[in-house]
Amino acid sequence: MRARRWTAAAGALVLTAALAACGDDDGETTAEPEVQEEVSFDEGTTMAELNEAGAITIGTKFDQPLFGLRGPSGDPEGFDVEIGTIIAGELGIEPDGIEWVETVSANREPFIEDGRVDIVVATYTINDMRKEIVSFAGPYYVAGQSILVLADNEDIQGPDDLAGKTVCSVEGSTPAENMRTNYPEAELSLTDAYSNCLEPLRNGQVDALTTDNVILSGFVAQNPDEFELRGDTFTEEPYGIGLEKCDTEFRDFINDTLEAAYDDGRWEEAWEATAGEVLETPEPPEVDRYEAEGC
Amino acid sequence: MDAVIENLPLYWQGFRTTLTLAIVAGLAALVLGTLLGAFRVSPVPPLRAFGATYVELVRNTPLTIVFFFFVFVAPQVGIQVPFFVSAVFALSVYTAAFVCEAVRSGVNSVSVGQAEAARSIGLTFNQTLREVVMPQAFRTIVPPLINIFIALTKNTSVAGGFFVLELFGVGRRLANAYSGDVIAVLLGVAFFYLLITIPSGLLANQVERKVAFAR
Amino acid sequence: MTSVLYDVPGPRARRRNLIGTVVGGLVLLALAALVVNQLRVNGIFEVRRWQIFWDPPPPFPDSAQDVWRFLLVQGLGATLRAAGIAAIFAMLLGFVLAVWRMAPRRWVQIPAITVIEFFRGLPVVLLMLFSALALGLSIFQAVVLGLVIYNAAIIGEILRAGIVSLPKGQSEAAYAIGMTHWQTLVLILLPQAVRRMLPSLVSQLVVLLKDTSLGFIVGYTELLRSVQNLRDYFGNAFLFSLFFVGAAIYIAVNFSISRLAVWLERRGTKKAAGGVAPIETDVDGQLDPGLGRTQQSRGGPL
């Protein structure tokens, strides 16, 4: 317990220092994105369009430490942001040609459907229900649902202890859906962003916060000594890149990019520069080139 | 349409929550607002100053800021209550300022001659208030109060952004869940709001007409 | 000297008032001390909590300028931008609605009445959500559209109340020199109505500005959401200070514009013929002029 807390605290300092390094303008970023200069795509593909425009709109989270967190500088930082930048680079788009849009969990499908964003890289879990509305490239990371409580709360050790307790989560997220389906005795309090749950958790208005373990770890790192994760992960949450349904060429392109990034170490670099400061570096998962139904 | 019909129980729950919020916060605002109104017309300067400052401050603060304060900031300084109660606090504190102004202008609308006549025939303060001032002030106060209640009902929608599952919250949840059927879902929500606001508006018209006639 | 409730104070009343003043003053001071103490106990006055405003501590790479720029240029800028554009369109649409509402034929009026009553009875945030999800507009456009629709309905009613309160002689004179209904309305009555209702109109614009903060709920990065963003970035310790500064900015901006409305009212009473209509008791969050309703059954100049 103590060793973990100490590492978390140290991790927090290193994390913020790493984020600081990423935010600097003097070019010593560890994850310097490569931008393809000479690249051409087939006529009529999304890639060609984006490459022509020299701009892409990417939806991500703005409030999650380690994955997508926006500071006063204006642009978000985190692992999801790095992955998005890599993909943009392969399309020949410079980092400042990327427009970052905040996609809270509930808005991810509507924004893709409307075309308001080109892709979504926002701790976006792939599941069958969502596959009916959007398509997914990846996964590029596999998380798992877990529970966050106050450090001195010993009552809750796992999801079964949540019966009768107030649990905070986010509208439109798989963890919330999971709670509703499999643990209906837990009282859900929903909001539109996980960071809104921290204050209520801190002062007892809710007993626990449930979402993916990596998101929770980010909060633990940001607030050392206050919160702890409880229990093992009890689901699998493969993070994918959401894009317009049935755009198979684009999906293949992104999957190719991901696999290339796995092989040449860019994925690992991106991880170590962001989430890797607090979490161990896993093996990149296999991308799933599934047959999209209804296309 | 199916989205609406399947989820009628949820709509109903949201409607009940909206109504409860409006009524509870409305009563609290009435009490607090009348007290503040009394402060504003009292001859004691500190009370007058307090009332005036309160009203000016609240009138220039957006309701979302008040909500944000009660839900996220107040717990940090010791006020820890369930979300519904925070919503009631926020709505009452906000609405009380407008009730206060309505009460004040109502009292001031009674002509001074009435009060002077009452005092000259020897009525005490309480008697003057009860028999002469309030009945007349009441007529001026009621129409704005109904409008304040209508605005309060619409303002309960802000609670939907702060952990309370009332009509707007229900609408947002269903609109995101049934993203192909958004128009039907939100029209359903609109229907329930209009169920409260339009009859209240008609009531306000009736009351105002009667009041104008009586004067 | 006499007010409705209180007579001119005699010696006993003066003594009572003095006691009341002292006691009241002490009670208020005690309350204030309580609040300050509660804040102090929870560490709100520690310098490190306010440091981000002039010298952000080491782990954060941002300068104080970044913080202020984010709050003012991003947050407040977004608020003012949405409010400004919404105000213009709300005024234009409000004029259209007022004219439509005062059409000579009843059957033309009825759709106008329906539209106005429908949008007046709905929360602004619902209109914003509808615009964002059902109409597929960007968040900025949705916020503006929600504000425009709602406030146009209110402004339409304010203008109508203004027109109705004008002396009948105006329209009679206009008809006498051969103007049509529409010419009378647009050339003679509306300009005077605007001048007369100017304080109410400006008041409504303050309400519009306040309502831009509802964009917070649908994800628009106005001032409050910027505060929230900074809280997410810097951490919980800075919540109170960030909130305090954000709220102070909001209140200052709204207050200045309200003062403008009051100044206009005072100035207008001296100049305009027949004076200006006083700002009705604000029924706020979503303002409804009490004035509009009584005039409904009576004729007015038209």
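Residue numbering begins at 1 within each chain, and the chains themselves are lettered A, B and C in the order written.
The rule is simple: a contact is a pair of C-beta atoms (placed from the backbone, for glycine too) under 8 Å apart; a residue touches a chain by one contact, two chains touch by 3 or more.
Bear in mind the structure is a predicted one, so any value in this text is a computation, not a measurement.
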item: More contacts between chains, A-B or B-C; value: B-C
item: Maximum centroid distance from chain C, chain identifier (CA atoms); value: A
item: Separation of mean Cα positions, chain B and chain A [Å, integer]; value: 41
item: Length of the line joining the C-alpha centres of chain B and chain C, rounded to whole Å; value: 16
item: Sequence positions of chain B contacting 2 or more other chains; value: 72, 76, 161, 172, 176, 179
item: Contacts with two or more other chains, residues of chain C listed in rising order; value: 133, 228, 236, 239
item: Overlap residues in chain A, where contacts from two or more other chains coincide; value: 107, 110, 192, 196, 199, 202
item: Chain C partner contacts - residues on chain B that touch it in the complex; value: 41-47, 50, 56-57, 59-65, 68-69, 72-73, 76-78, 94, 98, 101-102, 105, 107-108, 110, 112, 114-116, 119, 125, 128-129, 133, 143-144, 147-148, 150-152, 154-158, 160-161, 168, 171-172, 175-176, 179, 182-183, 186, 189-190, 193-194, 197-198, 201, 204-205, 208-209, 212
item: Interfacial residue positions of chain A with respect to chain C in the complex; value: 13, 16-17, 19-20, 23-24, 62-63, 69-74, 102, 104, 107, 110, 114, 116, 192, 195-196, 198-199, 202, 222-223
item: Residues of chain C touching chain B in the complex; value: 2-7, 9, 13, 17, 20-21, 24-25, 28, 38-39, 41-42, 44, 117-118, 120-126, 129-130, 133-134, 206, 210-214, 216-217, 224, 227-228, 236, 239-240, 243, 246-247, 250-251, 254-255, 258, 280-288, 290, 293-294, 296-297
item: In the complex, chain A residues that touch chain B; value: 106-107, 109-110, 113, 133, 171-172, 189-192, 196, 199-200, 202-205
item: Chain A contact footprint on chain B (complex, rising order); value: 71-72, 75-76, 80-83, 161-163, 165, 172-173, 176-177, 179
